[in-house]
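These notes open a run of structures that come right after.
Common to both upcoming complexes is chain A, partnered first by chain B, then by chain C.
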Partner chain A sequence: MTAVATPVSPMLVRLAAEKATGALLRDHGTLYLVDGRVVHAESPAAPGVDVLLTTGGRLPREGWDEAVDRAGAHRAVGRFLVDSGRLHDGELEICHLGAVFDAAFFALSPTSGPTRFRYGVGHWFGTVRPVSAEAVERETVRRRELLDAVWPYASVDSAPVVPRPAAPGQTVGARQRALLAAADGERTPAELARLLGRPAFHTLLDVRRLAAAGLVETPQEPEPEPGPVPPPQPLLAAPQVADPDIALLRRLRDALEAHL
Partner chain B sequence: MANTETSLKEAASIEGAIGAALVDYTSGMALGTIGGGKELDLNVAAAGNTDVVRAKVRAMEMLGLGEEIEDILITLGRQYHLIRLLRTQGSNGLFMYLALDKERANLAMARHQLKKIASELQI
Partner chain C sequence: MPGIDECLLEAMALPGARGASLVDWTSGLALGTAGDSPVGDHETTAAETAELARSAAEFDSFVAEGETPSDGPPVEDLIVTTRAGYHVLRFVETSFDSSVFLHLWLDRDTGNLALARIRLKDLAERLVLG
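After this line comes the complex of A and B, so read on.
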């Protein structure tokens, strides 16, 4: 597969090329790199590995806490979970990879905020299975396109999920049924993801599918802002220049350009 | 208990294998791929076959047979595509995807081997 045409984060591409190690901080999350490869990601929008593992009952909360206490200091929590027999190798990988791509999707969401990189910073979870920055970028783009292909109304992503009555004979699968049952009209998709212990992107996708099926309300997109409101007249109006000296301004411009 | 990489390597070593992928069928993401090459883009296959699996899971739920899907076979002119669902404790469904060359593969054997690989990977 070819490289992503327009990178999600030019900085990530550059850091991958220079095989950097550290933490890439963005508005909606953080990516951790080792030798230019993504080893971990976190986002306030996505449930962490701990939530994914403990909510479903796979791991008791105390088991997680113990692993963090004993192995967090030397950045080997993931390894500890396997070595202590709490998780199987493949299970840890699958869960961790799922959490990394989930958090990365939100961390790499379009933002106008600053992007910073702190060299040498690692994450206490430790390395499980590094993935290439290119794979993370490609998957993030694929996920964006998938959401819009299912139901191109992003307003459902952040609004409280409000179920609608099913049409006669309309059925939903077990996963979506559980989601609808937890939707109390106030919880947002991110809150439902945390409650159910599911990745946030998977929950967004289910919500978009349900909205497309008419089983969840699609809130009105916010009205486009009306044209710029004229600024209120200042109390002390600036002196009105009736006849700006165009010729003088042109000479000034030409003079400035001559210095370039 | 195998990890994803050894499972994929074992799948790729099945007689006649063209490529294999481990796929999360809620999101359509390939968690890992092996082989494929130019003739078969496994990331595209992963995403596309997600719809196949989701549709079949849904059909089974509607039928209310109380049965679970073990595997799905798709037969092409020159290939077999084999989809094996994994039983996982988490709520995200996973499947192993295996593309086989029809000329070189022994379908019954491949199915049996894939079952074994999947059972070692699942929880």
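After this line comes the complex of A and C, so read on.
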């Protein structure tokens, strides 16, 4: 319905308009386009289709490896998985679309690094269900806003997930229970996503929901932003908060204000 | 069967069908859509129905005795009736970790809720089992 006001990647908008085919390389991932539409995406931050399919045991690792061996050179691994009876069409589409939007979210994250486009480069997985670049942009913006609407503290995204005891009578759903059970105090959301075979964004979102519910610690110090050097601290900088009670009160105040 | 589009087209062939979509209830993403949205925007409808589905999927009260989380969402479907229509949300079980459901919006006068519920169950199974 609504067009993206500020595109997350002006280059992607331009490539979509000129119906380009190739690979869009950014700091945190790569988008593959065919005729201006997004057919695949990869990011080191997001588990690939292979992880999603093999972790839960849907596909044995050897089945995946064989598909890559046999069909990778023809850029038709997805098709091969279906044609050889390893997967059904619907499963492939659900899993692949989930992985594409997941990787695209990270690939399109704000970056100061260069964005390059290699014309003609395709991905060995092949085309499954192309998505318009506009839909990918729109969804990426929606996901950013969703994370902040749930719990506006990005520090939980990259820090180790540390569970906190539930309040008396507080319950948590099965998927989040599984996430908490795997959180050993050291694994980050990205590591938990890989371990559980779930998309990374879904894990981030669940961690933010759990943090908002007080079931996961919210680190006081945000992770330093990679990229541009922060401006020098003004002389009258806010005092560093060391007392956890003050930090808690501040979080409470911010959360309350966010809901006013 | 076929992929997401064929599945949604079959759903749209049901009497009174006005809109159909396949939605991820963790993120609120519409993986596929057909027909109309009650608010004129499938993405908004997907985000809203996802919240409803997520609540239902995660409330302990709907878990049957003896079920474990690995059995998939405990809820089979959700039905919302309004003065003008019906909404049927059918959870899709996959053998990899996912959180998707089919949403069918029916006209109240021409839709057949009982039939739609049975067909949607069948569609949800064929979508992943072929």
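The rule we apply is simple: the second predicted complex is superposed on the first by the 220 of 260 C-alpha atoms of A that agree within 3 Å, B and C clash if a C-alpha of one lies under 4 Å from a C-alpha of the other, contacts with A are read in each partner's own complex, and residues count from 1 in each chain.
Here, contacts are C-beta pairs under 8 Å (C-beta built on N, C-alpha and C of every residue); 3 or more make two chains touch, one makes a residue touch a chain.
These figures come from a predicted structure and were not determined experimentally.
For the composite obtained by overlaying on chain A, chain B and chain C cannot both be accommodated without a clash. When the shared chain is aligned, chain B and chain C each come close enough to touch A:89. In the superposition on chain A, A:81 contacts neither chain B nor chain C.
By the touch criterion defined above, A:200 lies against neither chain B nor chain C after alignment on the C-alpha atoms of chain A. Applying the stated contact rule after C-alpha superposition, one finds that A:15 touches neither chain B nor chain C. Judged by the touch definition given at the top, the superposed model places A:143 against both chain B and chain C.
After overlaying the two complexes on the shared chain, residue contacts for A:24 are found with neither chain B nor chain C.
Counting contacts by the rule stated earlier, residues 1, 52, 56-58, 88-91, 93-95, 97-98, 101, 129, 138-139, 142-143, 146, 171, 173-175, 178, 196-199, 201-202, 205-206 of chain A appear in both its interface with chain B and its interface with chain C.
Contacts from chain B toward chain A in the complex involve residues 1-5, 7, 22, 24, 26-29, 31, 41, 43, 47, 54, 57-58, 61-62, 88-92, 94, 121-123. Contacts from chain C toward chain A in the complex involve residues 1-4, 7, 22, 24, 26-29, 31-32, 40-41, 43-44, 47, 54, 57-60, 63, 69, 73-74, 92, 94-100, 126-130.
Those residues of chain A whose C-beta lies close enough to touch chain B in the complex are 1, 52, 56-58, 88-91, 93-95, 97-98, 101, 129, 138-139, 142-143, 146, 171, 173-175, 178, 196-199, 201-202, 205-206. On the chain A side of its complex with chain C, the touching residues are 1, 52-53, 55-59, 88-95, 97-98, 101, 129, 138-139, 142-143, 146, 171-178, 196-199, 201-202, 205-206.
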